[in-house]
Amino acid sequence: MRNLPVSLWIGGALVGVIALAALVSLVWTPQDFATVAVSERFQPPSARYWLGTDQLGRDVLTQLMVGARNSLTIALVAVGLGGALGTALGLLAGAKGGWTEEIVLRLADFSFAFPALLFAIMLAAAFGPSFANAVVAIAFINIPVFVRVSCASARQVWQRDYVLAARASARGGLAITRDHVLPNIAAIVIVQATIDFAGAILIEAALSYLGLGVQPPEPSWGRMLSEAQTLLFLAPQLTVLPGLCIVATVLGFNLLGDGLRDLADPRREKAR
Amino acid sequence: MPFLLRRLAGLVATLTGISLVVFAVMNVLPGDPALTILGLDSTEDARAALSAQLGLDQPVWARYLDWLGGILQSDFGTSYAYRVPVTELILERLPLTLTLGLLASILTIALATALGVFAAARHGKAGDWVTMILSQLGIAIPAFWLSILLVLLFAVTLRVLPSGGFPGWAEPLEALKSLVLPVTALVLVQASVLARVTRASVLEVAKLDYARTARALGLSPRRVMWGHVLPNALVPMVTVAGMQLAGLITGTIVIENVFFLPGLGRLMFQAINNRDLYTVQALVLLFASIVVIVNFLVDMIYLLIDPRLREGRS
Amino acid sequence: WARTEITLSTQQEPTVLDPTADATASIDSMLTQNVYESLTSVNEAGEVIPALATDWTVSEDGLTYTFTLASGVTFHDGTSFDAEDVLFSFNRAMAEDSTNPSKRIFEPITEITAPDAQTVVITIDHTDAFFLFNLAQGDASIVAPESVDGNATSPVGTGPFRFDSWTRGDRLTLVRNDDYRDLQDGMMERITFRFIADPTAVTNALMAGEIDGTAGFPSPELLPMFESDPRFTVAVGTTQGEVILALNNGRAPFDDIDARRAVNHGLNRQEIIDGAMYGYATPIGSFFPPSDANYVDLTGLYPFDPEVARSLLADAGIAEGTSIRLRIPPFAYATRSAVIIQAEMAAIGLDVEVEQLEWAAWMDQVYNGRDYEMTIIAHTSPNDLSNFTRGPNYFYGYDNPAFNTLWDQIVATADPVARGALLQDAQRFVADEAVHGFLFQLPSLGVYRTELSGYWVSSPVIFSPLADLRWTE
Amino acid sequence: MYKIRNLSLSFDGHEAVRSASFDIPRGARLGLVGESGCGKSITALALLGMAPASARVSGSIEIDGQEMAAAPERLWRSYRARKVAMVFQEPLSALNPLKRVGDIIAEPMRLHLRLDRRAARARARDLLVEVGIPDPEARLDQYPHQLSGGQRQRVLIAAALSCDPQLLVADEPTTALDAHVAGRILDLLKRLSETRDMALVFISHDLEAVARVTEEMLVMYGGDIVERGPTAQLLADPRHPYTKGLIEARPRLDALTLRADGAPRPRLASIPGSVPALADLPKGCRFAGRCPIERPACAGLRPAVSVLGPGQRQVRCLAPLLPAKVPA
Amino acid sequence: MSVVLSLSGVSRAYPLPRRRLLGPRPMLQALSDASLTLSAGETLGIVGESGSGKSTLARLVMGFDRPDAGRITVLGQDINALPAPELRRLRAGFQMVFQDPFGSLDPRRPVGWSIAEPLLADPALDAPTRRKRVAEALEQVGLRPADGAKFPHQFSGGQRQRVAIARGIVTRPRLLVADEPVSALDVSMQGQILNLLSDLQAQMGLAMLFISHDLALVAHQCDRVAVMHRGRIVESGPVAQVFSHPRESYTRSLLARPETKSADNRELVNNTP
């Protein structure tokens, strides 16, 4: 693993820890996350409650772990959906050019002009707040980003001589897109995805903070933050911990994205 | 210039599209303005009467056309909830949000440029690392959380700044003071993003041949940086700064709520909660126009920066 | 030298300032009986007292009210007040196209006349024990035809304070009405309300000294902190707000009384009060404020017992793990209680899904559309046992002629003692039917500067007169 | 003027330039040839004290008696443009696209010669005339992209000349240009060097170009200067097999008259293989492995420089070729 | 000798951005009224300065772009009148080698895959046959079959161009279009590649369209030459004839050797493009 960028290491480590916590929470958590025990509230850290308990006597570590799972799942599904759809549209636009491209890009511009958070709020208001709607809202916000990125890079790839060579080889548009364009823009799209992933975590936190995200008893970092906000004077750790988790995750994904971009940068290879 | 005309047509098309979407969404949203206004104890006939008063008994398309007709006479409708012309509502709050946005934008750009250039100039050294670590943190911290921490420190503990609210423009000093924390919360996050773009873009340009030419002609590093590298690094910076404005608008919605500032962002929130269609409509259109206009300005700035683009070549 | 200015905060922000046109509670809390006055008023004990009507008589049959109006009263815009204004206000509220949020108050009225400028006679079609009480509400404010159209933005009334300015989204300022007929020494010259929705922000503003007090403090968990701070006094009182876990009686599974009783057995009120309200609330077993003289404590009717609850559910044929939607409005008491209730219901085998709705959406879907199984809501109106008479179209989905008869009797009974006994019967009736899960009475929580006095600790009505506010040394 | 002794530049311990020694006398025109990656550009950059930061530089660079190899950047900066200036390969990318031509040329003069705006502009105009750009007054206010490739290259040369340097380093100044335009630039460089008594280091892999411009040439391969001597002699009579290979690989236009219509196409001579990466270069003679006359010893042993005959000819080869028959 | 390529009256114009609002769209005539023929086994050189339309011609011949006017016949078929499936079948018969050996190979594919790509269109060829043909092609261009597993960045520029040529000949085409095939290479490498092209041509009877701005290369490599200037073919004929007795003044100016010219500054100024 020589010569990997530092950011990749740190980012990978942060994301790894969070992802591990999320995975572990699938099979084991210190306590049951939905169990409410008001008599046990505001316990300090102990052997039983490693990070203490919150205002309803729930184990904070458990909440954070399951919160990680929820945040990551939402971000993953949302960015995955948005990325897949956006990239598909971008590839289409990049391949067809002309009117198709014009229309797709105009649509992307159009959704850019629509304040993202506002859209999420409206969606949540229309269909009721839920896990699924948070996913859809975030995915939707992500589509135009991926459209732009993938269309621009696809257009560049289509200019390359090897695509001309493929056309001379009687390959069709679909085959060229599959065999040449997609693999060559994959790195850029993946980098974009990691960065958007960080953004998705932030939006999910903001949505949950506003009560529009994951619904109780499923914990979410954003909601933990908003619920514990008034407890800042009583139990600051209840605000600080989920905040730190968000920061660590976003930081982790951003660093990972940066590292991957460095890694994918062809100049890096040349300079070696 | 076909360019201007095309952009104008694009703006109108975008805004029409957005107005349609907003109208449709607001109609799909569960919630009856009359019920929201009159509350749980209201009687059906009172609600019916209010609905009629507000024109809500008309079909959607009729209301849309009506509204569109109003727009052409620069009448943006009357707020259901506030019972005053939407224009008045918006004009009332525009100065605050505008000040907030402009201050934040200017400071963001100034801070980001300074930090980005500083980091790039110290590429790979301690100064670069510290700046970049701080900016990574800046990006990662949710603005609302940062706001809470700022208030706790400066308003509650140190008591040097107000915890929120806005005293009005009558006392300019107090007004500015009340904007310090919100602007800080906005700027720290946005400037972090832009500083990174600045740094990357500056480093990119510094590698190019003409930067080398400038150095080969014996120019000092500072002169090369400010005279040759930075101007050329501006294009991506301006692009990102332009996109950030959209983020800034979303940011003000959150920040104004956290600091209970009577600005457009908060009005937007309340308007959605009140199902105040025309206010939402006008605000979304305003925000969207700002985004589109800023994009347009960004393109103009490209032209200003880059003589190659001025000649209508791609 | 005494301070005569004060800054208070209110969580909710009004969009208009006319209580006869909009139900927003903060309009009443800021303006009713402060800027606007009604014929009657209510004191902190919940008793009807004179206001613009200095005196009144009720006919033998209880159907004709004759009010004597205060003389020499002027509206804040200088126009004089007389019986014509009363007629105007009532006719406006009762009109066909009236959009008064509590039009129901005026429903009994059959005739209203003004024999002379200082007298108003109102005839109603059935005896109504709550009529005078209702007339004190902001919805029955007396407004002047000259100024009524501007009330939405610059209210004009006859009260001790006149409207000064309103910066939408930020603050509203009242100044003392020096022409007030009952001006007292030390009354505030200027009262500023700041609109601060966020409980943390309210706390910060209090701590930072930017506001002097707040009623309806939303975060009971912070009260101990204020209690231990010598700068502040914490005022804990009662309200008319019964917080219930409303069950949709109109559809399965809660059309079955066993299911409803099971829920009641499954609720651990103390845990909910401790968890959601940090102990600052009184448990209720029925739908009646404990502060009322006629209150019966029915909290023991369905003792907390998950086992009994489970077997009742089994009796009702409800399978373990049945999924139930708990659709709640975005209020602190509801969101906080929901999580605990969810856990408690899980313990008796009900899988409760919590869904937090926007207020507008809640009103539309839950209240209007009756599309819910469970919800949590505080009923803050006084005398609202009548809700149970509102039939199948009301969101309770509860329809019981026996209760309707009982309520008619209560309304028609003028004798306080007899009526009291009937009210107690009604409480038992509702509790016995287990119409809802009855949770707790919403406390009135206020935090004020220690030097301040004259504020209402309890809230028998949604308005709160401020004429008695004083700074003390 | 320039005295370079044992100049080495290495990246990650691999020598990209291996103890090069040469002088650049005042007014001399020196050619530097070799295939891509042979170390021409970094040698040139070292002449301006601008070797890449990642390169480790050793040896000595003496300018007018002043040792500069370890000199601080500040000192180098004061030498650039005045003592030594450089013209780069890509004419468009080497010019700041946002600056007017006049400003590009004037900037070093205003900085180093402390000329005011008017004087600098006047001199910039004169320089444009000198490098042969038509309508110089109008060009001063144009942007680089508005000029043709040849004109851009001239602007670059004008900027390099602005402070009257004693040495002009031109690193492949014509590869991006048409043969047609390139020829003119070459002539310009030659003429400028003559009229200004300015030394010129001309870098190219095009032997014809070097022949046209320079008096003396150095042939580089794999970081070694493998052969040097007067240009005409060296081209007519290469002694290093690499130089010979380079000369022969090139098809020549005048050869076509020999080939009548339908006649068989002659085969082109070529150097087999290609330049290895820096890390894969043989330790001894860099050309080992591609050399047609290689001996077993070549790969392990770095040949010493042998001085040939009279004049300045030197070759770094164990078994230099025999002198060619002098053509009639 | 059979004609493998013929162009008659081919034109192509590119639209430029409007100068005035609603004004006419200026067009750039990149190619006008070009006619030429190329027979089997023959090499036709196209020379001309930068921007004279050489690459445009190549793109049209390869069917990457359509002419505004004129007819392009490849192997007896009008490629712009041919239905898409038939054009695909025909494509095996004419291939191309690009200028930039770095850009013409997909960096993410092993070169063997890239060389096999033109064979994918022929359903009759199964995977083993394709592998065999790829190995053959690699050997023909002087590489080892095992090199097919390597990625482009593992080759030097000259080797990469060999790979590109291998891809060009793997379908055993009858026409090879080479647009500046050696101008990105080192001098020493140019000879290797040109020799290779000559050898292949002799082996396979290939016709070649050889595009270059370097007269020496064209003189060496081609049998006939067409000189292009501003989109027009101004002169054409056997190489020796055109280059030794140019008829057109433009051709003469191309051939003029600058050092034979007077270094008169005025003339230099006037001729600057």
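We call the chains A, B, C, D and E, going by the order they appear; numbering starts again at 1 in every chain.
In this section, a contact is a pair of C-beta atoms (placed from the backbone, for glycine too) under 8 Å apart; a residue touches a chain by one contact, two chains touch by 3 or more.
Bear in mind the structure is a predicted one, so any value in this text is a computation, not a measurement.
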| item | value |
| --- | --- |
| Most distant chain from subunit C, judged by the mean position of its C-alpha atoms | D |
| B-C or A-C, whichever has more C-beta pairs in contact | B-C |
| Identity of the chain that, by mean CA position, is farthest from subunit A | D |
| Between subunit D and subunit B, distance of the C-alpha-averaged centres to the nearest whole Å | 53 |
| Rounded Å distance between subunit A and subunit E, as computed from the means of their C-alpha atoms | 47 |
| Centre-to-centre distance between subunit B and subunit A (centres being mean Cα positions), rounded to whole Å | 22 |
| Where subunit D touches two or more other chains, by residue | none |
| Residues within subunit B bordering two or more other chains | 29-31, 148, 152, 272 |
| Residue list for subunit E, restricted to those that touch at least two other chains | none |
| Footprint of subunit D on subunit B - complex, ascending | 208-210, 212-220, 223, 227-228, 231-232, 305-308 |
| Subunit C contact footprint on subunit A (complex, rising order) | 34-36, 38-39, 41, 55-57, 125, 128-130, 211, 215-217, 229-234 |
| Residue numbers on subunit B that touch subunit A, as the complex places them | 10, 13-14, 17-18, 21, 25, 28-31, 136-137, 139-142, 144-145, 148, 152, 243, 246, 249-250, 253-254, 268-269, 272, 284, 287-288, 291-292, 295 |
| Subunit B contact footprint on subunit C (complex, rising order) | 13, 15-16, 21-24, 96-104, 152-153, 167-171, 194-198, 200-201, 204-205, 207-210, 357-361, 363-365, 367-369, 381 |
| Residues of subunit A touching subunit B in the complex | 106, 109-110, 112-118, 121-122, 125-126, 198, 202, 205-206, 209, 225, 229, 232, 239, 243, 246-251, 254-255 |
